[in-house]
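Below is one structure. I have some questions about it.
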Amino acid sequence: MTGTFTPNEMMTIVAARALKNSDVCFVGIGAPSAACNLARLTHAPDITLIYESGTIGTRPTVLPLSIGDGELCATALTTVSVPEMFRYWLQGGRITVGFLSGAQIDRYGNLNTTVVGPYEKPKVRLPGGGGAPEIASSCGETFITIAMSPRAFVERLGFITSFGHGRGRGDREALGLKTKGPTRIMTDLCVLEPEPDTKEFVVVSLHPDVTQEAVRAACGWPLRFSPQVKETPPPTPEELRVLRELQARTKKAHSADA
Amino acid sequence: MTGTFTPNEMMTIVAARALKNSDVCFVGIGAPSAACNLARLTHAPDITLIYESGTIGTRPTVLPLSIGDGELCATALTTVSVPEMFRYWLQGGRITVGFLSGAQIDRYGNLNTTVVGPYEKPKVRLPGGGGAPEIASSCGETFITIAMSPRAFVERLGFITSFGHGRGRGDREALGLKTKGPTRIMTDLCVLEPEPDTKEFVVVSLHPDVTQEAVRAACGWPLRFSPQVKETPPPTPEELRVLRELQARTKKAHSADA
Amino acid sequence: MTEFCSLEEAIARNVRDGDTVAMEGFTHLIPYAAGHEVIRQQRKHLTLIRMTPDLIYDQLIGMGAADRLVFSWGGNPGVGSLHRLRDAVENGWPQPLALEEHSHAAMANAYEAGAANLPFAVFRGYKGVDLPKVNPKIRTVECPFTGEKLAAVPAIRPDVTIIHAQRADRAGNVLLDGIVGVQKQAVLAAKRAVVTVEEQVEDLGAPGLNAVILPAWTTSAIAVVPGGAYPSYAQGYYRRANGFYIAWDDISRDRTKFQDWMRDNVLGKGPEAFRSYGRRAVEA
Amino acid sequence: MTEFCSLEEAIARNVRDGDTVAMEGFTHLIPYAAGHEVIRQQRKHLTLIRMTPDLIYDQLIGMGAADRLVFSWGGNPGVGSLHRLRDAVENGWPQPLALEEHSHAAMANAYEAGAANLPFAVFRGYKGVDLPKVNPKIRTVECPFTGEKLAAVPAIRPDVTIIHAQRADRAGNVLLDGIVGVQKQAVLAAKRAVVTVEEQVEDLGAPGLNAVILPAWTTSAIAVVPGGAYPSYAQGYYRRANGFYIAWDDISRDRTKFQDWMRDNVLGKGPEAFRSYGRRAVEA
């Protein structure tokens, strides 16, 4: 038996499953951090986790609130300067998987985390790109974790903060990019992958008890489905236990730091 | 009383006297290393000595045979990578005085340590420039230590390894250089400084018991003297004692490393 | 050559109205006490540079100290928005704020180029994205060997860089340990540098031969301010007050609430107040 | 991901005839044992890259392993000439040697650019000197913001980089401590990397949170060779054999004497011979 689980838990667990023991991951805060550490605590004990704060091979016992928590440094193989992190390790092509997310995404996996509305007079000023523009271009491939809603999955981005597949197949190559770009979008409802000849993201797997209608309703563009949509295997008891223990340890630790 | 001393000791002592307690020195091996450490052990206890191997603020008890002896690192404030040394510290403009030497020098303080004869088929292949080309351009000023002989002090250089004053006043500015370049040549016979309006090096001080004729005979170009040539104050007993103790400690240490 | 002095003196002597100021510290060692002193001394028209503005720049911006912000990620890490930053950009309160926006890679390279005394930085970046359309300081340079086009940004050369570090020895040599971020580059890139430290010690106790140390002759002033990084942290001294970062979301959301908090906790207090934060955090 | 193996296997699997090879170590940690293994395996037509060729390249050149040398200072530190290098350049013995000559600053920047995956390095250098007249790889690049012209050289990207380090842990993570030179950059710039270490340990015992460590997934092979840097040195293990550097001047001056020494001390011995050097040096 699996027991009940939240859509957010399913998203994190699906993302964790996508990681290999041999991966070198550039980890972001939030779902990516939970997914990467869940992978490390389950099927990928030797996975290398790198945070842009400079920590290489970190093994935190609780999830960091920021990408630079002391826990990350104290448990790392070593910690390098931020310029070195971006020059030798990210730009150096040493990262196999980078995680990205965003406020808005389009059907080609381009992301906006900069502004809603005109840049000079924004309706909503978002945090900005941070490491994302170069994570999107320098990592071997990128995984995107993002909760589905029509406000997030939009027909057209007002601002491209990080580049996915542009307007479709061949656009990355045209820019001289040799990396794969986004190969997977993992949401709270389903998993999407780019269609080989168009690079448009289509649903390849629906999470348990999620209908095609529900997913369509949560997407701002006419969402397409792969010929053979699978059902995402539900979380195993082990996956749920480890994730929930991790979250509990984390909550406890951070509330202590008031 | 001063007792007797060698021309080489006089050269080293004159070079040491030229250094200030507040200087940050880029030190080379040989006479410069002896001079810088003599200064540190006498009138400039707080002088900062930097070797291109990356050691910053080193205080060796014996002189290194190479610029990367363990003694330099073990006694340094810290040791940085060689790229950082050349990028942040030398190119960064953090060095007040750099020491240079060479196989050949001309009247404008340009140096050759690369080849004698044609580059492609050299008569003598010298070691090459190493750090010298950028020491010559990036340090606030440079001091040159070199023993005088007609073979070393030449009318014309076949190859310019590091740039002094080019063909005279204004040449450094024309290259966009904001540093002073060579301000002093310290030899075993005398001290030379550039004439303000021509930048040609002229003798400003003769070491004890050295005649103008002897110096002229040791120079390959028609050597000129400043209107008021001084006599170099002879080594003090203290200077000689500290230098000779340093040399003795060094000899002992290195012969042990067979 | 650096001098030891009070934080008041360090800021008064080194930070001027209209200066370009970088207060760095990548999550770790953020110089909060120094930032508060800049607010107390009512500096105006500053250009503030920081990869992650964080709460300290949210406070400076909300108090009207800045005309311009150079940054690459403007959020409250793990929490959400920087409400004072957003209010300034979206509504011009308390005054308009001009933005020069980059990516982390661009800013890290720009500091690095500044430390190396180069006029610009070259890197692989900004491929296919819109930021170059709104930031004229993002240009390209061509490789003279391969003809490849790469991204270029101007080097960052602040008038003054302000950092917090673990400790300084009597001579004024400063040690940083842990997540060292871009602080070394930011200090070496600047005309002047102010450092606050947890403590002054006889011996730096450098961890290893290659420890991150700023020699005394690379900084302008050092002030001993225990707890000076709170609610950020100092590895080996006290932990990050994650709870404060979460609480700031509510404090900063409302203009009046923000102003009241600043009056009670910054304008009305001196750097010695940080001592208790440091202590409390250590005990946590 | 790296593998632990014998030095013979490490060189056999990673160094091929015609390769571009960088053996780095700035006075400290020079990989002599690995260089000798390359000689024993009779590699030919190598392009050898090293800032300071030192005795190890004098030996490789004298044994006819190299067609080309990329370097910035070719002397015997504190002693004088590298006679085998000079004999090859001045007289073509045992074979002609093509030179690509740079300054230290250029090579340090070129390794740094290689580690950063950039096609070229930009720096302030070569002002008013003759080297650019004889090295077509020295070019200029113009700052897209100020118009200033700066020196540019191609990034160094070796087929294989070979270094010696103090120790590796069981997982294959490698620690360097002391004068770290350009080794980290040289390893990260290379397609393959071979590392010899003084010892394999359970725990690296890293000196501090910012220690210079190469993760196991950045190198190709690790061989444990105690004393493997002799007559160079390993900080914390044994001192530099300055006496050997002085003695080399005489050994290398004469072709026959050189060949006899190489036969007796390199061709006729294996890496285990270095163990005694290491020990002897420790006792010294």
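Labels A, B, C and D are assigned to the chains in the order they are written; within every chain, residues are numbered from 1.
Going forward, a residue touches a chain if its C-beta (ideal position, glycine included) is under 8 Å from a C-beta of that chain, and two chains touch if they have at least 3 such contacts.
On a predicted model such as this, the values are computed, not experimentally measured, just so you know.
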Going by the touch criterion at the top, tell me which pair is linked by more C-beta contacts: B-D or B-C.
B-D
Cα centroid separation, chain A vs chain B, in Å, comes to 57
Distance from the CA centroid of chain A to that of chain C, rounded to the nearest Å?
28
Could you grab the centroid distance between chain B and chain C? Build each centroid from C-alpha atoms only and quote it in angstrom.
41
By the touch definition above, chain B meets two or more other chains at residues 73-74, 79, 87, 91
Set of chain D residues in contact with two or more other chains:
116-118, 123-124, 148, 178, 180, 184-185, 206, 209-212, 235
Once the touch criterion is applied, which pairs of chains come out as touching?
A-C, A-D, B-C, B-D, C-D
Tell me, which parts of chain B touch chain C in their complex?
22, 24, 48, 56-57, 73-74, 76-80, 87-88, 91-94
Residue numbers of chain D touching chain B in their complex, please.
26-28, 51-52, 71-75, 77-79, 81-82, 85-86, 89-90, 101, 103-105, 108-109, 111-112, 123-131, 134, 148, 178-182, 184-185, 212, 233, 235, 239-247, 281, 284
Listed in rising order, chain B residues that touch chain D in their complex are 29-30, 52-55, 64-70, 72-74, 79, 81-83, 85-87, 90-91, 114, 119-120, 122-125, 127-134, 137-138, 159-163, 166, 171-172, 175-177, 254-258
Where on chain D does chain C make contact in their complex?
116-120, 122-124, 137, 139-146, 148, 150, 152, 154, 177-178, 180, 206-212, 235
Which of the residues in chain C end up touching chain B in this complex?
1, 115-118, 173, 184-185, 188, 206, 209-213, 215, 217-218
